[in-house]
Each structure stands twice: as structure tokens, then as C-alpha cells.
Amino acid sequence: MLGGEGHSDPWVKAVDWFLIAMVVLNVLAVVLESVEHLSIAHGPVFHAFDLFSVMVFSLEYLLRLWTAVELEDRRFHHPLAGRLRWMISPMALIDLLAVLPFYLGMFVQLDLRAIRVLRVLRVFKLGRYSMAMSVMVSVARQETRAIGAVLFVMLVVLIFTSSLMYLFEHRAQPHVFSDIPTAMWWSVVTLTTLGYGDMVPITPMGRMLGGLTAILGVGMIALPTGVLASGFSEQIRLRREEYREAVARALEDGAISRRQRRRLDEARLHLGLSEDEAASILEQAVNHPDHCPHCGGLIHHMDGS
Amino acid sequence: MLGGEGHSDPWVKAVDWFLIAMVVLNVLAVVLESVEHLSIAHGPVFHAFDLFSVMVFSLEYLLRLWTAVELEDRRFHHPLAGRLRWMISPMALIDLLAVLPFYLGMFVQLDLRAIRVLRVLRVFKLGRYSMAMSVMVSVARQETRAIGAVLFVMLVVLIFTSSLMYLFEHRAQPHVFSDIPTAMWWSVVTLTTLGYGDMVPITPMGRMLGGLTAILGVGMIALPTGVLASGFSEQIRLRREEYREAVARALEDGAISRRQRRRLDEARLHLGLSEDEAASILEQAVNHPDHCPHCGGLIHHMDGS
Amino acid sequence: MLGGEGHSDPWVKAVDWFLIAMVVLNVLAVVLESVEHLSIAHGPVFHAFDLFSVMVFSLEYLLRLWTAVELEDRRFHHPLAGRLRWMISPMALIDLLAVLPFYLGMFVQLDLRAIRVLRVLRVFKLGRYSMAMSVMVSVARQETRAIGAVLFVMLVVLIFTSSLMYLFEHRAQPHVFSDIPTAMWWSVVTLTTLGYGDMVPITPMGRMLGGLTAILGVGMIALPTGVLASGFSEQIRLRREEYREAVARALEDGAISRRQRRRLDEARLHLGLSEDEAASILEQAVNHPDHCPHCGGLIHHMDGS
Amino acid sequence: MLGGEGHSDPWVKAVDWFLIAMVVLNVLAVVLESVEHLSIAHGPVFHAFDLFSVMVFSLEYLLRLWTAVELEDRRFHHPLAGRLRWMISPMALIDLLAVLPFYLGMFVQLDLRAIRVLRVLRVFKLGRYSMAMSVMVSVARQETRAIGAVLFVMLVVLIFTSSLMYLFEHRAQPHVFSDIPTAMWWSVVTLTTLGYGDMVPITPMGRMLGGLTAILGVGMIALPTGVLASGFSEQIRLRREEYREAVARALEDGAISRRQRRRLDEARLHLGLSEDEAASILEQAVNHPDHCPHCGGLIHHMDGS
């Protein structure tokens, strides 16, 4: 699930794995430090490890900033503007957020507990190393508008049901459904079919609305699921098609050279296809050249061949 | 997510955004006014803003009614009948509902709190401005019968499980499962996997039925999700195909004129396709006119053509 | 959603609608009779209506039994064996169950309340009149094995998690997790993500297992949903294909006669397609005869036509 | 759902069914023995049955180990290394786990209750006999990376939301949200939309984060469902295509011999297709050899051929 950024240099890999281990250990430290008896018993250890982590992550940040101009992306090539542009890229902001609370705490009077807990933000640094998430990110990007529409529908339903529920239940349970913002908490808990049970309607009208809200909630789960299911199907189709085209291009001269094979393998990894799937596409293209390179179906040439 | 109705006149856009802001502020006002200490402290402000809103929305309604005859839709062209027909269109009814409670409250003795809360209905006015929801509405329309069937199945299961649960649990918990309508509340809460925990079976038979109901509930979630997932896939396929056909028509004379490009752009917006997707379809049609008739991808003729 | 069995005779339709109304009123009567103050106030009315219902449904059963030999299905054509075979068909058994408790109550000493509540079984008589459910029944039949496998996986997971949870929590909460059958109730409530909260693990090991069970529960919801989603897509594809073939057959002689159009309409209803969808398929087949009648894609004849 | 491993020898089938019955009875025994009054009343019966079961399963294990070299799989053909390799295969490990606790309990001082409950592991022995699960296993294998990515996302979200919730609620409810590991229990319960209600945020910030977590939880359900739904569609498409190719190969000489038909039937069982589906594919291939190369349906040539 995790792995380097495709480098093959063992030193680069070692550094990558060291940084991954540092993040995991940091998260573990934050979680364990919150347990009172552990934080009392091993306070100095936690503190020393945090100091060490901040030093490592600060160094990492500075080195990444320094070498940003040598990244493939052209936007970062300018010595100054490029580095500033890199600083506002999402991954760079996460790297900054991973160390910023520590330095802020030195100058400003901050809630110490908050600083300690916010170190957990470092977990997002792992995003850099995960390859399997590329399909997921693509689906999210592809379906942004649909997901936005789902959230918009959810917000409208949330406002509407909580207002009505306040109207129905406020008189019967004035301390439970005390105002609409509080009723919104009930509404979120119901629309997501969470159902804590801390706020429950008791009037007939309230229960009818509650049942309706719950059924709408099933729809609120079905909508994004439907969107994502069709999004995944689409992404997988697109990626398979792209690989098929790469294979077709490689086959144009009749055979696949070793260099082409290596390129296909890179494409496979990049597209997140399994080896089996890639092999089956390749086999089909080699043995059945009269298949459509896009949908994989056999093309009948009806002119008698 | 929100935006004008495709007008490019900056004045029209400004009015649209003003009305959107009015709706959002109104919803916010209703929510905040329900918080007791806010409504006591700022009562007059809320009241003044409501008066202003009713004036704005009343004016909007009258102007929309007046200009209904100039809409593209032919049904509204008749001076009188057309305007009456417009008045019973869904969006017009929502616009009316947004101001009606205020005027009703002036003549009839109504529950003041209800009038205030019902102003939240104005949130549905936003539906006019959301474009991303067109796919959702199409899916809903396409799957109406399937969704109806799912609701019918849900109702039958609801009646059946609540009656049996009443039979099993009434004697053990006469004050909890007091009658079938009350047991229906349990049934809805269980079938939607909400599980508040305010009514829980305790007899062995009741728990067995409860477990079965919960598993049926998973099916009740799976059914609409399955329907919607296949509905979304279908809608996206249909819309992409429609755009492909529009591109093919535009390409019949070999090139795409500026006017055709503008029309394609309108079709793209209307079909809710992203720019990337449209560009990829266009690129494929232009550069590879010899495309697979099924998936729209390029066919490599390996026999030498 | 409901409707006759495709008959056009107004008398048949009237009888169908009368029987549908009787079933709906019966269900309503059972639900309302369970409310104590209603059953005390209107006891005789409920009783009289039940007597009338039993008479109607008994008559219906006898008439259906009598005319079974005239059904299209050959299996029922034999005067005696055919009628016996009809009696064990699912719909006939439901019709029998709708009246049996009443007659049994006359001979055997039964729990009166159970007899009254079981009248709710009559709701299943509605299944005969619902047309929109045919897609759903087809999907269920098509995916029987997959659904069976899902239930089997669920059962194994249920047994496994409840046994382990009993092991972890029995000592800490001996009265809550008192034995494995009780722990199974917790397991069902967790695996379906119902979460009543009447049984909650409190030990670290128990909570770890609880979290794992909840995540497995998400899988238990995802599995049937995935199965049903792909099942619905498949059914809709199959039905559209079948209609497309019917259209192609009707078009073989170049035009569609009035009789063929009526037949196509019957096929459309039978397949549960919407009018829009059918019209689009028809239009495509008429205007673009060189589309594949199955997948709807354009077929390029590459021999130069 | 259950059945032999495809053997037709009645003796083999009888032994298979005996072993299946033994597993089912064992699981039942474990479940019932946990009920105190049953274990007191029938202790010796349970004990005798357990002894008998261990003997049967031990014998089964030894015989399977002995005959491992005769399995089709080449890896197991070596007399010693093959048997050792078989011992570490998943099914063999399950068989060993089914009896190991008993023998361990004879030598080491173990928690007797744990040994008794762990016998429930024997339920996994049923995996050997279930054929309908092959599609499910294929989907799981095909989507391993996607499921791994979903679990990774879930873990990151879990750590992040529980840390923040600890920050928001610890001061208001120090005994409920006492540390981050405890807050993680809340987070799992919320992300899976379980919602026991044993830990509920009460501060405004906590409730806002709670609502966000619940909505993320809906996404956490939608993600794997979307993955599995597209995975199932894909598997079914692949399997149908594979069968179609097998039919095409069998039809190359114009007719299907009895031997070929038997092979097709084996392929059908292996691919988990229903008889109906297979028959429809076969019928189409035999009667309409001029089929659409994409969907496998007949192409009507309207130009007179």
C-alpha cells in the first residue's frame, strides 16, 4: 500500500522508509501520550522524540524546498517564484503544518494540549507514499461535481428536516430539541443512519418526520454510493482503455522490444492495473490483432476476410 | 455548484446572486432566531430582515409571473392561461410558499412559531440555480418506477415486521411496544439501520425477528443503492453518447465552425459533462474519424491501411 | 405502482381495485385495532369488517381455485391435479394464509391476539397487482446464488465474532454478554451497523473486536449492494436488448403495422421499460437501421457502403 | 450453497456431507454450551461429542496430509516437502486450528473456556465446500489493492477525527473521552454509522466534528460499496466472456460433441454461471453465428444478405 515514489536508488528508498516510519511513530506517540498514566510515566521520552521529529521534519521541509526547482514540474523551475509556488502546493502545506505548531508554540502562548494533538496532522504526510490511492483520487476528481451536488442536497434536506423537527418536538421536549442548531445535530445523526439515540422524537408527528428523515437518509447513503460505484467502473474502463492503447502503439511495428516492455510496465503501475489484467490485455492484443483496442471486442471485417 | 441560469448579462447575474444571498441569509435567520437568547437580544433585527425579505421575494414572484409569457416554454405564452399555468409549475409554487405564510399570518390566526420556521421552505428556491443537480434529477426521473417499487417493498416489510414484533414483545414490554403504530417506529428505525435504541426487543423471538429485520434493512439499503448506481452509470453513458452524436453532426462538413463550437459548448453544459470529458470526446472524433462504432475509440487497421 | 394484471375489461379492473382496497383497509384495521382505546371504542366495527373481509377473501379463493384450470399455464389444466397444483403455488398459499387463521380459530383454541395480528399477512396479496416489482423479482432470481453466498458469509462472521466477543466480554459484563446466543444479538446489531447501544463492549480487546466487526459490517452492507447494483445493470441491459430484438423482428418487413405496435407496447409493459426509453429504442431502429440491435452501437460496414 | 468438491462418487459425497454435518453440530455445541443451564444439565454430552469431533477431525487431517501428494497441484507432489508445503496452505492451517486447542490444552495450562469457544473456528472448514463463494473470492482478489486503499483512508480518517474529538470533548466529558484510544472507539462507531450512543459529543465544536465524521462515514461506506459493485460487474462480464469464448472454440468444427458439452458444463460450473445464462449464451452462438462481436447478440443485415 505504501512505497517510494518509484525511485530505484536504494538510498532514496531507505530515506523514504525512514520518513514513513517517523510519521507512524509520531502518530503512535500522540495517541499514547494522551493516555494519562503513560504521559506521566514517560513524559521526557515523548518530549525528546517530539524534538527529534521536529528536527527531522524541518530538515525534510528545507531540503524539499531547496530541491523544488529540480522537480519535473516546470512551474517550480524559477529560483524564487518557483520555490514560493511549491510552498503553496498541497503536499508542501501539509509538510509545513506538521512542524508549524511547534515553532508557533515557542513565540505565541498556545494551548499546549492542542499543539501536542495537532502533531497528528503529520499522518497526512503518508499521502505522498501511497500509490493505491491514485484510482481513488481520480474518481474523487472526476466526480467532484456529483459529490458537491450530493452534499448540497444533503444540506437542504438537513436544514428542512431539522427546522420541521424543531417545530414538532420543541414543545414536547424543550430541553432536548431546544433550538434548530441542536435539531440539526439530530438531523445529521439520522440522515447518516448513525442513530446515537441521544435525541429521539416522541410525538406522533415527530416520529413520522423521523421515519421520513431516516428513509431520506438511506437515499443520502445510496446517492454517493451510486455516484462512486459508477465513477469506479468508469475509471477502471478508462485506465484499461489507456493501457490497451499503449499496447496497440507498442505493437505497431509488429513486436514489443525490451524497452517498450519496460515502458508498458511503467504504464501499468502508473494506471494501477494488476499484472493479471495487464497480461490478459497484452495477450489479446498479440494473438487477436483484430480486436478493437478500446473495448476489446472482436471486429468482423465484413469485406470477406 | 450554484450559478445563474446561463445568462451572460452581468446585471442578470448580479440579481441572481443577490437572490441566492437573500435565501441563504433567510435560512440563517430562521436557524438563529430559534436560539432563545439570540431571538431575545436581536428580535427587531430578525423582524425587519423578514419584512424586507418578504418584500423582495413578493416582488420577485410578481415579476416572474409578469414575464412568464416571455419564457421559451410555449405553454406559458397565453396572457392569462399561460400565467395561470406558470403559477402551478413546481418552481412557482415554491416561490409562492416562500411568502404565503407571511400573508396568511396577517389574516388568519396562525401559530406564529410555525410561520417563522416555515420560512425555511425558501431554501428550495435555490434549486433554480443549481446546475450540477440535473444528472440527479434525470436519474430520479429515469428510476421513478424502481424507487416506487423499493418504497412499496419497504412499506410491506414495515407493516409485516412491526405487526409481528408487536405480537412478540407486547406482553414483555407493554409500555414500549404498546401498539402496532408504535412498533412501526421501531421498524423504521431498524429497517434503515438507524438503531436509536429507544425501543429494543428483549424476548428470544423478538430478537430473532429483530435480527431478521436488520438483515432485511441491509437489503432495503442495498436495493435503492443498486438502482441508483445502475441509474447513474446509465445516465452518464446516455449523456456521453448524446454529446458524441452532437460532435458527429457538427463534424459532418469536415470542420467545426465557431457557431458549431458554441452550440457544442451549450450541449456540454446542458448534459452536465466536464470540460475534460468533452475535450477528450471531441479530440477523438476529430483526429480519429475512423473510430470504433461502439466505444468511440480509434480502430487500428493492422492489415496495412 | 399497483394495477390490474393487464386486463382491459373495466369489470375485471373494478374487481381488482376492490380487492386492492379490501387488502389496504384490512391492514389498516389490524394496525388500528392494536391501539387499545380504538379497539375498545370501535370493537364491533372492527369485528364486522373482519367477518366481511373473510367472506370476500374466501369467495375470491374459491373462485380462483375454480377457474385455475383456465389459466394460461398448462400445469393447472387438469381438473383435479391442476387445481391441487395451483393450491401449492406461492400466490395461492398466500391467499389461503389470508383466511386460514380465522377458520382455525373456530376449531382450535388459539391465541386470539395472534389471529388478529396475523391478518396482516393479507398485505402480501398485493404482490399480485404490482408490476414495477418484476425487475426486482428478476434480479432476486438472477442473483439468488450470490445472495445466498452473502448470507452464508454473514452467518460465519456472525458465529465467529459473537463467540470471540463472548470470550472477551463475559467476565467484564456477565449479565450483558451472558452467553453466545445473546452475544449473537450484539453481533447482528453491529454487523448490520444498526447499533442500538443495549449491548456495548467495554474491555480494550472487546472494543478492538467491536471495531473490526463494525468494519466487517460495512463490508456486509457493501457486498449485497455490489451484487444488487451489478444485478440491476444486467437486468436493465437484458430487458433493453430483448425490446430491441422485438423491434428488429417487427421491422423485418420494413414497417410496423398497428398490430405489431400493439404487441411492442405489450412487450414494453411486460419488460417494465418506460415509454421514453422504448421510444428512443424504436426511433434508433427506424432511422438508423445499421445499428446493432443489441447494444445499439453503429455498425460500420467496411466494404465501402 | 454447500456441496462436494465436484466428485461424483457417492461415497465421497457421503463423507463430505458427514464432515459438513460434524462442523455444523460442533458450532451448535459451542453456542449451546455457553448457555449456563444447558452446560450444567448436559455437560457430559457436550464433552463426549467434543472428544468424538476431535477424533474425527484429527483423522480427517491425517488422511488429507497423507493424500496431499496425490492432489492435482504439483507443488504437493514431493513426499516430504510437498506434505510440508500442504501443511502451510490456508485450508490445512484451518484444519489444524480446528483440533490444535484440544491437544494444546492437554499439555499447557490454558483458559478452558477459551479452548471451548475457539472450537468455533471449525466453522471455517465449511469454506472448502462452498462453491457459490468463488465469484466473491475472485472479486476480493481482483480488488485487494482498492480495498487496502479504502482501509488505509479509513485508518487516516480514524486517527485524525479521534484526535480532534479528544481535543474538543476531553474537557467537557473527561470520563467519556478520556484519551485518544478511547476516542478511537467513538470514531470507529461513528465512521461505520453504527452509533451505539455510549459516547456522544456535547460541545458545539464536538458536534460539528461529529457531523462531519458521520458524513465521512457515509463516504467510508460508499467507497468499498462502489469498489465492490464495479468489481462484481467486472467479474460477471469476464466470466460470461470466458464462457462465450469456450463456446466459440467448441463450435469451431460446426457442432458440439458430447465430450465438448461435458467440458462446457464443467466450465460453466467453474465460472459460477447459472444454467439459464449458459443456455442463453449457447443458444445465441449456435443459432446466430453472425453475432455482434461486442455484445454477442445477432446482427440483422438489412441490406438483403
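Order as written gives the chain letters A, B, C and D; numbering starts at 1 within each chain.
Methods note: a residue touches a chain if its C-beta (ideal position, glycine included) is under 8 Å from a C-beta of that chain, and two chains touch if they have at least 3 such contacts.
No experiment lies behind these values; they were computed from the predicted model shown.
Asker: For the two copies chain B and chain C, what is the rotation angle that overlays their Cα atoms, in steps of 5 degrees?
Answerer: When the C-alpha atoms are superposed, chain B turns by 90 degrees onto chain C.
Asker: Determine whether chain A and chain D, two copies of the same sequence, contact each other through the same residue numbers or different ones, counting it as same when over half of the numbers at the interface appear on both sides.
Answerer: different
Asker: In terms of CA centroid distance, which chain is the most far removed from chain A?
Answerer: C
Asker: Calculate how many whole Å lie between the centre of chain A and the centre of chain B, each centre taken as the average of the chain's C-alpha atoms.
Answerer: 27
Asker: Quick check on chain B: which residues sit in contact with 2+ other chains?
Answerer: 181, 184, 193-197, 221, 225-227, 229-230, 233, 294-295, in rising order.
Asker: Within their complex, state which residues of chain D touch chain A.
Answerer: Interface residues on the chain D side: 142, 145-146, 148-150, 152-153, 156, 159-160, 163-164, 166-167, 170, 178-181, 184, 190, 193-197, 200, 204, 207, 210-211, 214-215, 217-219, 221-223, 225-227, 229-230, 233-234, 293-294.
Asker: For chain B, which residues are in contact with chain A within the complex?
Answerer: 1, 27, 30-31, 34-36, 113-114, 117-118, 120-121, 123-124, 126-127, 130, 132-133, 135-136, 139, 151, 154, 181, 184-185, 188-189, 192-198, 220-221, 224-225, 227-233, 236, 272, 274, 292, 294-300, 302-303
Asker: In their complex, what parts of chain C are in touch with chain A?
Answerer: For this pair, the touching residues of chain C are 193-197, 225-226, 229, 301-304.
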